[in-house]
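Each in structure tokens, the structures are laid out below.
You will see two complexes here that share subunit A, one where it goes with subunit B and one where it goes with subunit C.
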Partner chain A sequence: MIRRIAVTLAGPVVSVLLALLVTTLFLTFGGYSAASAYEVMWNYGIEPASLVSALNNAVPLYLAGVAAAFALRMGLFNIGVDGQYRVAALAGAVVAANLPLPLALRLPITLLVCCLVGALWALVPALLKVYRGVSEVITSILMNAIATTVVAILLADVFRSGGGQNTGTAIIDAEGAMPALVDLGIGNRTTISGFLLVAIAVGILFYLIQYRTVFGFTLQVASKSPEAAESAGIRVNRRIIWAMLGSGAIAGLVGLPHVLGTAFRFDGTLPTDLMFTGLAAALLGRSHPIGIAFGAFVLAFVERSSQVLGLVKLPTEVGSVFMAVILLSSAIGYWLTERADQRIALWNALRRRRAAGRHPGSPPPPTPSAPGMEAAR
Partner chain B sequence: MSLTRKLVAIGGTALAASLVLTGCSGTTASTQSTASSDGPTIAMLYGTTGDFSFMDSAYKGFTEAQSEFDFTPLDLSSPNTDDYQDRLDLAISQGSGLAIGIGFQYATPMEQTTDHPDTQFVAVDIDKGTVIPDTTTISFAAEQSSYLVGVAAALTSKTGHVGFVGGVDQPSIQNFFVGFEAGAKSVNPSIVVDKTYLSPLGDFTGFSDPTKGKEAAASMYAGGADVIYAAAGGSGQGVYEQAAASSTTATKNWAIGVDGDVYSQVDESIKPYILTSAIKNVDVAVKDSIKSFLDGTLEPGEQDFDLSNDGVGYATTGGFLDAYSTQLEKAKQDIIDGTITVPTTV
Partner chain C sequence: MEQDVLVRLTGIVKRFGAFVANDRIDLTVKAGTVHAIVGENGAGKSTLMKILAGEERPDEGTIEIAGSSRSFSSPRDAQQAGIGIVHQHFLLADALRVWENVVLADEPGTALRLDSRAARSRVASLAEENDFLVDVDALVRDLGVGGRQRVEILKVLYRDARIIILDEPTAVLVPSEAQSLFAAMRRFTEAGAAVIFISHKLDEVLDFADEITVIRAGAVVGRTTPAESSASDLASLMVKVAMPAVAPREVPPGTDVVLSATEVTVGEPGEVPALDGVSLEVHSGEIVGVAGVEGNGQSELLMALLGRAKHSGAIAMGGHDISGLPTEERRARGMAYIPEDRHRDGIVLSMALRENAALGYHTRPPVRRGPWFSRSGAAGVARAIIAQFDVRGGGSSTLASSLSGGNQQKFIVGRELGSDPRVLVAAHPTRGVDIGAQSAIWSELTAARDRGLGTLLISADLDELLALSDRLLVFYRGRIVAELDPRDVDAQELGEYMTGVRTQIGGAA
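Presenting the complex of A and B:
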């Protein structure tokens, strides 16, 4: 038990340390003082407004990370989160602005519509994978390009409202926007968005479905060995479709914090890099709902605190470098910890075997679990 | 147990290395960027430089102002598209007397930030007619300069066929096209005007893809156009190169640049193919706002940069338009006088 916790914690810690190391190298060889940069970033990052901003900005990253993880646990790589959230955000903006209902009804309907649209967008790669055997990575990337064009046409010709450079849908009034959860009132802009609750709810649902239901277990089995799953009566193709639908439904929510909380319409300011940062959060958090939350917050914190570097004549690119390295180092960090974990398991087994050999009367040692099953737990 | 040891070893190595490197001295954070300056703090909030047009021009204005006037600059650059409000807050919390936001994206944050008694706001490149309380908004009449280069293109074209390469299919860029088309048709009503946009609405890669620009230009030149207007930010470079590449001794192809004076920016080998550029003086706008802020004359409200105050214009570097200067100057005067109304999409 202690070992499992150690391994789970060590992964992200080693990843973050590796990323810090590379960022430090980048700064040092660039002729900057890394200590000074980190100090400035830390001091700005722990200001109340920064922490609140990082928390709010972590929400879309978390949703994107959970969306990716939902498919990842079935062994699917949903790289189409990007297109799914943009199409869904457009749909959500239109519904939230036009539905003549009070907030208590309009908001849930908006969320549901976004989930539905995101899921439908993800259904195409799923069907192509099941019936034509096309890799979901390729098709979901292509669906992103289609999303760009579809959104452009719908926005320019159908849903455009008002003139000007910033093409966008109609403005969403207070009856359609996400209300604030709580205003901490400790300085400027310390309002926590209601989307935090949505993110928590999604995290809990993710945990329950993936870890506490038969369905979640069958996903695991089907991803480890499709043949074995099939012969055990699990319909793998259906699992693929459900995993992609679930992933797409969560992805549909990713753009909403911006649409319903910042811009109050779908327009040219919708961030387009949420998927990759979210993916980094999922890798960092090892696809575990709590791990992803940790990853999303770390990334949002770095993004926010690196903004201050420009003030003190240090390169603001530090944040981008850190993010990029996290993606690589989370892979390496886990590989290192995973390897270490397997070695230890082997050593322990050997030691037990030897001990058992010396005392013939003792019961046989428990079979060490296979590395694959270890990771599955 | 040894697992923990191993993990500690890995983590420790990384940590130790970080610490060693962190300890190395280098350029440290400077709390006061120009130590000698006692002037007020002026922040510029913008994206990233390197687009060969809009952002570079703004940055040029900001750096020129630093050498001419006495103030403490705050350089708030960010590649992100979701932290405009953060950067504005940062500028205010740092005690900036003036915050200049580059791009229409600053309209919303500046409108929503109502409490800024000690910081004046300037928003550059805002739609004409936008009113933001306590903010100076600057708009550029890009359609007017585009109209003039359209006139130049039609006068220069031998094939009666010109082209337009836009970066992104969005209203701000369509505005360049409608002006260009109107100008070209004013000279030759039967002229053919091709148009293409390198990426659809919402996909900003069209501003930074010279290869796409080159391909689009190659097909237009091959189709008979002999003058192409590139309103595509960094992708324009591909169009300029293709103008030279598609030219033969018998037929000469031209390219028209945008925002800055492209003739003075490109390689020697391409210069002979740059007919003119539609100028948008973002640098002047930035510098002027800083100057009037320091003079105490900066007023909230709308400032239009158009032909009448040389906020936009066309470049004559290279001397390729000398033969047509009377027609061009007449068209310019007619627009200023209101005899010609240039269509617009924003």
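Presenting the complex of A and C:
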């Protein structure tokens, strides 16, 4: 049990350490002092305003990570999160600005519409996979490109509010925007967005659906052994569709913190690369809702704290390098820890066999779950 | 004449763990002959051919090709020695053209440039010389099985093979295609090549082979020629079982039909149907055995009954038509299933026994509680199976992969019988398990039978079929060719039905 937990935690820790190592090399060979850079970053990062900002920025990363993980647990790579959230964000901005309802109704409806639009955008790759056998990786990437064009056309010709230089949808008033959860009031901009609650709710829902329901069980079986699933009466094709719909629905929420909390409309300032950072968070967190939260916060923290480097004449690219290495190393980290785990298991088994060989006739010791006990022999 | 001998295998031994697949096999194949190797499933025919084709290495024994001793470390070595093999399951690239498939890995031209004109014309002339009606420019995915097989044979001819191995070449062919294949085989031998073909269809073996080697349980049990032997001689050599007495049963079988199939056919349009108009009935408290050499429609029957294969005809459970129902519904109505291959669709190795206990039973309590998956409920089921069916090697949270094969199988049998089913569709329930587990599984199956369970038992183990069945259906080429009473059948008769030597007209139930 302890070994299980250690192995689970070792992956992300190894990834982060690898990322630190590469970033250190990058800084050192660039002629900078890595130690002082980290010191500056750390000091800036732990300022209250930075922490709050990192927390708020972690929310969309978390949503993107959970969206990716939802499909990942069914063995699908939803690389279309980007397109799904951009189309959904546009729909959400239009609904939030135009629905003549009070906040208590308008906000849930906006969230729901975004989920629906995101799910529909993800349905296309799912259907193509089921009926035409096309890999969802290819089609969902292509759907991203289609999303770019569709959003541009809709924005330019349908939803653009006003004329001239204005390139966004109508402004969302207070009755449509996401209210602040709490203003810590400790200095500048320390308001925590209400989307933190949305993210927590999504995380809990993800956990319940994936880990606790019969539906989640069928997804697991379908991804681990499609043949066994079919013989057990689990229709794999339907699981594929549901997994992509769920993933798309969560993805639909990714752009909303920006639309309903920062820009108050849909315009060109919507970040367009949340998916890959979110995917890194999902990989770091091993697709577990708490792990993804940890991953998303670490990534948002690094992103935020690296901004200060420009002020002390250090390359701000340190943050990007760090994140890129994390993305790569989260795969290597798992590989290393899995191998180490297997080595330990093998070693234990060998030692048991040798011990049994020395005392012929003695019963084999109980299960190898506690290495400490083995060492005590 | 000694120089006529193209292949001489001496004392070939191949072991897989404790299992001996080939036990000191000697085989001599002369140039210009068609040499048939016959034997039951698992007799070791394919292993022997793989050794000859360089795909497996023998543990002992020597291979001589045209008089010189060879040791193949790869299929490539065997190819260079003039050996070509056409597998039962074709290995072709669907998206490539016929000539591209043929030259693949031996393309004419330089390393950087494929001389496609030379390649294409070489393949086309090969096809023409051998009277192969195949369009060399067609995409392989557009070809039927007969055409694909011709492409496989062209691949072998293209590499100038003088020893051509065909592994059950006629299993997938319609009779007319088989005839033209045999005509082609004759042409190869006339040109001085040797053809080795594996079959358990004794009629074609007797019609087309020059020499016959019979293998049983990894050893050669007979060498003969068609002139010297009859189909029934061969059948009795191939199939030899000690006829165990069928345990007399105390509870008579019921009269109500729990499972019936009417004219069920499974097959791709334009191909020979793998299951061809099969009708059968299973009564409550009855075990109906299905005998047959593997690949004669048994797998398709399983998949059709389970609702995983498209089929025509009707399937009913307890009088209700279930033909249109998905697998989930069929299982919910009480169809239990023991799969042919436990690792493929019986258990999920990377899941705990708890989750495996829920497999197929996740739609009902105690596993399902509302929308929730009850871990404690599933663990309870797993513990009950482990206790009742004496599954050793772990508890409910142990991964299925850490159990031995026999215990995995006992767990599956326990799961399926413990669910209070009405019908059990079981395939090879004791395949690959030790004697102890086998007798445990047998007694569970008969106990369930006495409680009123109707069982359709598909097995390659004739001892098992004869010991357990109340009635025995014999499958050959996707049809039921005989219905036998296991209490008074002898091995030779059974062997003749299984190999198509004999058919019982109107034997179908």
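One rule holds in what follows: the second predicted complex is superposed on the first by the 341 of 377 C-alpha atoms of A that agree within 3 Å, B and C clash if a C-alpha of one lies under 4 Å from a C-alpha of the other, contacts with A are read in each partner's own complex, and residues count from 1 in each chain.
Everything below uses one rule, namely that contacts are C-beta pairs under 8 Å (C-beta built on N, C-alpha and C of every residue); 3 or more make two chains touch, one makes a residue touch a chain.
Here the structure is a predicted model, which means the values were calculated and not measured.
Overlaying the two complexes via subunit A leaves subunit B and subunit C side by side, clear of any clash. In the superposition on chain A, A:Q220 contacts subunit C only, with no contact to subunit B. In the superposed pair of complexes, A:R212 makes contact with subunit C only, with no contact to subunit B. In the superposed pair of complexes, A:F77 makes contact with neither subunit B nor subunit C. Between subunit B and subunit C, B contacts the larger number of subunit A residues. With both structures placed on the common chain, the touch criterion links A:L336 to subunit B but leaves subunit C unconnected. Once you line the two complexes up on chain A, you'll see the smallest CA to CA distance from subunit B to subunit C is 19 Å. Contact residues of subunit A toward subunit B in the complex are 3, 6-7, 10, 13-14, 17-18, 20-21, 24-25, 27-28, 30-40, 49, 53, 57, 86, 148-149, 151-153, 155-156, 163-167, 188-189, 258, 262-263, 268-273, 303-304, 307-314, 316, 320, 336-337, 340-341, 343-344, 347.
Partner subunit C is touched in their complex by these residues of subunit A: 212-218, 220-221, 224-225, 227-228, 230-235. Within the complex formed with subunit A, the subunit B residues making contact are 2-4, 6-7, 10-11, 14-15, 17-18, 21-31, 33, 74-87, 89-90, 93-94, 104-105, 107-108, 125, 127, 130, 169-172, 199-203, 346.
Of all residues in subunit C, only 306, 308, 326-332, 337, 339, 344-351, 355, 358-360, 362-363, 367-368, 371-373 touch subunit A in the complex they form.
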